[in-house]
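Some structures are shown below for you to check.
You will see two complexes here that share chain A, one where it goes with chain B and one where it goes with chain C.
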Partner chain A sequence: MAINEKMLEEILNKYPAKVKRNRKKHILIRDSALETQEIEANTRTIPGIVTNRGCAFAGCKGVVLGPLKDMVHIVHGPIGCAYYSWLTRRNKARADEPKKNFLAYCVSTDMQESDIVFGGEKKLARMIDEVVEIFKPNAITISATCPVGLIGDDIQAVAKAARAKHGLNITAYSCEGYKGVSQSAGHHIANNGLMENIIGEGDWEEPPSKYTINILGEYNIGGDSWEVERILNEIGYEVQAVMTGNGSYEKLKNAHVAQLNLVQCHRSINYIATMLETKYGTPWLKVNFIGIRATIESLRNMARYFGDEALIKRTEEVIEKELAEIEPQLEPYRKICSGKTAFCFVGGSRGHHYQGLYEELGVTTVLAGYEFAHRDDYEGRDVLPNIKADADSKNIPDLHVTPDERRYRLKIPAERMEELKQEIPLSNYKGMIDDMTDGSIVVDDLNHYETEEFIRILKPDIFSSGIKDKYIPQKMGIPTKQLHNYDYSGPYAGFRGAVNFARDVAMGFATPTWNFIMPPWKNQPLLEGTVEDCTANTCVEEVAT
Partner chain B sequence: MLDCTPKELIKRTGGGINPAKTCQPIGAMYAALGIHNCMPHSHGSQGCCAYHRSHLTRHFREPVMATTSSFTEGASVFGGGGNLKTAIKNVFAIYNPDVIAVHTTCLSETIGDDIPTIIKGAEIPEGKLVIHANTPSYQGSHITGFSNMVKGMVAYLAEATTDEKKEQVNIIPGFVNPGDMREIKRLAGKMGVRFIMFPDTSGVLDSPMTGKFEMFPAGGAKVEDIRDSGNSKLTIALGYYASSDAAHLLERNCRVPALTLKTPVGIKATDDFLMTLRGKFVREIPYELEEERGQLVDVMTDNHHHFYGKKVAIFGDPDILTGLTEFVLSLGMHPLHVLTGTPGGILTGSGIFEKEIKAMLAAAGLEGRVKAAGDLFELHQWIKNEPVDLLLGNTYGKYIARAEDIPFVRVGFPILDRGIHSYLPIVGYRGAMRLVEMIGNALLDRKDRDAADEDFELVL
Partner chain C sequence: MAREKTTYRMVNENPCNMCMPMGGILPFKGIEESMVIIHGSQGCSTYMRRHIAEHYNEPIDVGSSSLNEKGTVYGGAQNLFQALDNIRKVYRPRLIGILTSCLAETIGEDVEGIARYYLKQRGLEGISLVAVSTPGYGGTHSEGYWLAVKKIVAGLAETTGKHGGINVIVPNLSPADIREIKRILNLMGVRYTLVPDISDTLDRPIARPYTKIPPGGTSIESVRRMPGAAATIQFGVTVEEKLSPGHYLQSEFGVPLYNLPVPMGVEATDRLVDLLAQLSGNSAPQILNMERGRLLDCMVDSHKYNALGSGALFGDPELVYAVARTCAENGLYPAVVATGSGNAILEELLGPILADSPQQARYLNEADFTQIREACRETGVNIAIGHSDGKYLTEREGIPLVRIGFPIHDRVGGQRLLSVGYTGTTMFLDRVTNTILEHKHRNYRAAMYRKFYRKTGIEECPHEKYCAKEVR
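Let's look at the complex of A and B:
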């Protein structure tokens, strides 16, 4: 069943008036006949709403910084924030050098009441000393939690002093949880910090190979980045830095030499992508390695950017070989999945990316949304000039970069760049809405009440979101698929990842466990047999014996 | 695995590495879920609520509903009163619980939001309740947060309304799984004692699959029962750290005598629990429980050769550790390292935790390291210096177990990498029998794995 405006209104009527006015702007029914469809995004969640959103700390330390493996990430604050962001995101990493993968370590200043009262700067400085002594990391980050900003601990000054003392890249991120309106603020803070303090710190002036690229906004969840790199290496690309899955300080500091930056998750990393273009003249290409068609298109667009015939030919050869490998494997899963419908609600890019992969399995996405994206992730970057800054977004300053006098190079001629922009998503992203079919629902910051209502009306066959809402549809008998952490499976990216995804989704539909929800006694009368015409006494007697 | 952890112990003062605790609010959220028809509310940034819900969901594999005040920078500067009032209004309007249980966070505590005053100024529909607990993340641990929320339940709800105390017992189960709470209720039920358990997450965080989602499942302690706890003749607080504060508050407020017992993990602690009910309520232990106990002693004796003299490292929450340590001692094992992240004196210092465990070791004529307010980095270093045959603790222990190649049994909170555990008890005689099986299997799987072909045996 499709949802019309009237039904939408009825759903919203349950809300108090203020909430209704607010939420109405975050939901739309896709209609391609309209020239533009505006959605409100990246604004405050109303207090008291069961939201999936997290905070700036989660976006900064948890998402962007956390996966960098050869650095120790110190969390300055009470114990919780470090603890919850410890090993919970499935950003996999392999050490490049012995004893230089610190992801299994959770380092917190574990602030106590006295630290809140008297300040925690000294304790933080001691923790840095201890980390240097014990771990000898390649670099250190310090992330702030809520109380740090409130009590006025100057973590930037502590980092600066420690940098001088230890001769090590030590940087601080003021990503207190209350900043901004979601994780998104933290992405921005982390992007600024990495750009300002790490990228370009290396002394490389030239790329190590002809086709050197960075992959931005790829976090190697379940090994996604390894599958993407496998394909790219086979074609002949050299991946310099991945930001930040399986990433490292050592790779990141020379990321400026790449000839092209790929952007997988636009939301979390677009700041670095645009700053790299301004500073070093490196364009970025919006790619999507989730889904077979999307992967093929991304590979072809990359080849077209470099414009080398041999590379284009090699790209096609690899695509052909990969397809031959996976197509037969996919077939049985397609049979199970075909004709089904899905909800697809994820953070800031996967709500879009997984729709194509679902479609390839024959699953139609009837509702999609993002937890913490901005309007440009829905409507495309053309809308950027129209987005008004508000009090919350103004709190996260933009970092103004200028062309690097020594290192700025046009990677391709300006004319060719303009031509290419017409053909491929070069330094551009057109957003989710454009790809959605008419009548489907787009919801920003989908909350619990709306989840229940939309499920009631649309009855999806599978609900794909995260851990907090996973077991809600499941109690209703609807299969779920976590798209934040893949239900501890993966990789889902690239060609082989598509097969893993198909297998896992099909498993969700096919598991026999759904058949047992209704106990057999619910549909059967307690007494079987025919009712005889008899006096009450004799019947009771019969039952009793 | 964890190959940057050196063997040499280093004195550290900058904080913790690989914690064996987390912050107060998650404990408060868990406790609040043990009230029927209650929405836990996190007064802080959205991230706190998101982290706690995610973490509890991973442990229980159940929906965990909770709301947040969604602080922004403005609220952090000017106070979160407006946010909390808006939240209270919206939660009742949209989700319609009977109770909202507010807990604070390090953010709202640092700025000094006065929760009772804010609640007084909030729009609360007729017949609905808002209770609260202060749970600053920079004191204690998740266990302290649990304790504080249970205190909040007593402070807001419990009333002494009868002249004479009723023949009923209050049982505060502590930070244990719903499966444990069910087992404690079963034991009390078998004793024929009328009881009020609060909080009670059974039926909430182990709810059945019915094809229907219930935002507020059938389980949980009912508000009227928590009110009536003020009329009981005794409160049994199971676990000093998670439960005794609330019991003492109830004693002060409603003159219900408080008695703190160990969380009934293992044979001795279960004996103590049942003997207390027997003595206070003059009820003989029914044969069914005596039979269960006899079976437990039977399996402990039948299999003692698998356990005796084995060295164990145990970490986790203090109340569980007290029972666990006592129980591995009952099996003839040697608890060589015992560590909790929770500060021993609830807020600071080593307190009674270290004293109690050390006394147990001394009584058994054994020596071992015991520490409150420790971390897993240190525990790992201890193990490197003095190896053990078995590690007992929550999921985070698997990294140490792998690094040192030690058999590992998952017990406590959180267990994130295995399912079902939250349904099955570790308390009571049956829970103890389950522990014997889990520990025995882990030790014997290792024996089988390591045995040379000629030593590999059919019968063990």
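Let's look at the complex of A and C:
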């Protein structure tokens, strides 16, 4: 069943008037006849709306910094935030030689009341000494939680002193939870810090191979980046650094030598992508390794960027080989999935990326949205000049980088670059809305109430989101698929990942469990009516259930 | 018993506890038609919802006042007002709990004052607000839990006539445990008000229609009438008086308090049943006697295996105490007892149990898992009993973990784990015994190798890294 403006209005009527006006701007019905469709995003969350959004700390330490494996990530603050960001995203990592992987460790200053009163700087400084001694990490990050900024602990100064003392890359991130409107602020803070303090610290001047690339915005959830790297290596690419899934300080510090940066999650890492372009002249390419078609397109675009015939040929060979491997495996799952509908509500990119993979299985996405994305993730980067900076976004300063005199070089001639920009998404992202079918719903910052209402109207066959909201549809009788941490499954990226995803989604549809738990619209009529003798005016009176 | 302090170390490496507001959320989930808001950064409620949802496999709705930079300067009352308005409109709760997190506390929000002003300003009746000050740096989730229970009771309690019912105040146990306690209360024929009752709300059956606030929980009316009860039974012997709802009811309303350990193990369950018999004048029904007999039979069957166990117990102080008693009753003496809380009472209570232990046991207060791990190594622990973060001991030391308590994130069914009463204890002991047996079977070859062949020059056992300590 499609949804119209009137039904939308009815859903929103439950809210107080002011909230209704606000939420209305965050929801739209896709209509490709319109030239542009504007959505409001990255604005303050309405208090009490039961959002799924997190905070700046979650975006900084939890998402971007956390997966860097050979570093110890100190959380300066009371214990809770350290605990809650302790491997909760399933970002996997395998230690490089010499073995340094500290992801299983949750390290915190565990501030107590007295630290709040008297300040925690000394405790932090002594703790850094201990961490250096215990772990001997390659680098250390310090992330601040709410009280730190408020009591005026100068973590930047502590980091600087410790850096001098230990001769180690020790950096601080003032990502207190109250900054910005969601975890997006934290991504930005982490991007700035990594760019300023780590990327380019290495002494490499030349890329180690002909096709050296970085993968940005890939967090190796459930092993995604391993699958992507497998394919890329097979074609002949050398992956220098992954930001930041399975990433490391050792790799990151020489990330500046890459000839191309791939951007998987645009939202969380586009800052670094554009800064790398300005500073080192490295263009970035928007890729999507979720879904078979999207993966193929991304690989072809990469080959086209390098423009090497042998590489293009090798790319096609690998694609052919991979397809031959997975197509027969996918077939039975397609039969189960075909004709179904899905909701796809994830953080800042996957809400878009998974729609293609669903489509390949025959599943139509009828509602999609992002938790914390900005307008450009919905409408495309063309909208960037029109986004007005507000007080919240100004709180996270842009880092102004300039071309590096020694290391800046054009990776391809300027004219060729302009040509390519017409053909492939080079330094560009066209956003999610463009890919959505007419009549489907786009919702920014979906909450519990709206989840339930949209489910009642659209009756999706599967709801894909995260752990906080997945139990709502399950209680209503609808299968779910977690797209934040994949319900402990994965990888879902690349070719083999697509098979895993198809298997997991098909399993959700096919399990006999649901035969006992029909959603109400499957076995109860949505309308009830009585048939009466025909009188002059009315024939049938319908009574809605 | 050797007790250690942690002050020589600054770093908390792999914590054994969460923060105060996290614990504060849970009791509100056990009150009928209630909602809860965290006054602070929105990340707090998001992180906590995520962790609670993963334990109970249930939707966990917690509002947030979403304080931002502006709020840190001008105060957050306006945000909290808005949050309360929106929660009321969408959820229609009869009670809203307001917990604070670090941000609101650090800027000095008077959350009780704001709550009072809100009710007055909006002219509201028929809805209760219970404000609890729970800074993340003020204690662990255990303290947050008890403070929230106390504030709920104190916030709702009214002077009422004596009604002869019994108040039952429970710590953070599983919904299955709460159901078992209620079954025992029913079997003993007492009228009771159990607070907080998460038995249905956090272990919700699939049922129609779906409602945003899960049905169940202690009714607000019965909490109001708690001061009229004949007695309070509180399973909270490790709880400091200032956090104790039972002590509050005793000192404010003169309700006699029976502070008991969690009814786990023979002796503690006997104490509950005996007390209920005394309070109600009813004797224990045959069915309970049968269950008690079965527990004894289970203990006889399994003591020979359990006596080979050397346990590390960790988690919330109240549950740790209950588990320590239960294990000791069956000859599985704890070698390491640890809690993330700074709890002085637990250490005293453990004294007699640990004194009976054939080996020197270690007690760790305000512990993290790095300390627990070291203590396990030194004492030769071969079984760990506690929440799922103890998986770290399995991964690093090969010590098998019997999961109990909160949180359990790496297994399903934490909400269905039954461990109290005679029946629950039986099930708990079986889980422990079988884990010891499984471990023994799995490591038999490696243990034999170590015992007999190590010095013969045969190459190192290939399974070595998966093997635990030798079973003594």
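One rule holds in what follows: the second predicted complex is superposed on the first by the 514 of 545 C-alpha atoms of A that agree within 3 Å, B and C clash if a C-alpha of one lies under 4 Å from a C-alpha of the other, contacts with A are read in each partner's own complex, and residues count from 1 in each chain.
In this section, a contact is a pair of C-beta atoms (placed from the backbone, for glycine too) under 8 Å apart; a residue touches a chain by one contact, two chains touch by 3 or more.
Note that this is a predicted model, so its numbers are computed, not measured.
If you put the two complexes together on chain A, you find that chain B and chain C bump into each other. When the two structures are aligned on the shared chain, A:Gly202 is found in touch with neither chain B nor chain C. With both structures placed on the common chain, the touch criterion links A:Ala104 to chain B and to chain C. Of the two partner chains, neither chain B nor chain C is touched by A:Gly497. Residue contacts after overlaying the shared chain place A:Gly356 against neither chain B nor chain C.
Contacts of A:Thr51 after superposition: both chain B and chain C are touched.
In the three-chain superposition model, chain A touches both chain B and chain C at residues 14-16, 19, 44-58, 77-86, 88, 104-113, 115-116, 123, 126-127, 130-131, 134, 145-147, 150-151, 176-183, 391-392, 395, 448-449, 452, 466-469, 471-472, 475-477, 517. Those residues of chain C that touch chain A in the shared complex are 9-15, 17-22, 37, 40-44, 46-51, 53-54, 57-72, 79-80, 82-87, 89-90, 101-103, 105-107, 135-138, 140, 204, 206, 208-210, 212, 340, 392, 395. Against chain C, the residues of chain A that register as touching in their complex are 14-16, 19, 44-58, 77-86, 88, 104-113, 115-116, 123, 126-127, 130-131, 134, 145-147, 150-151, 176-183, 391-392, 395, 448-449, 452, 466-469, 471-472, 475-477, 517, 520.
Interface residues of chain B, counted against chain A in their complex, comprise 1-4, 6, 10, 12-19, 21-23, 25-26, 41, 44-48, 50-55, 57-58, 61-76, 83-84, 86-91, 93-95, 105-107, 110-111, 136-139, 141, 207, 209-215, 341, 347-348, 377, 399.
Contact residues on chain A toward chain B in their complex (touch as defined above): 14-16, 19, 44-58, 77-86, 88, 98-99, 102, 104-113, 115-116, 123-131, 133-135, 145-147, 149-151, 176-183, 391-392, 395, 448-449, 452, 466-477, 517-518.
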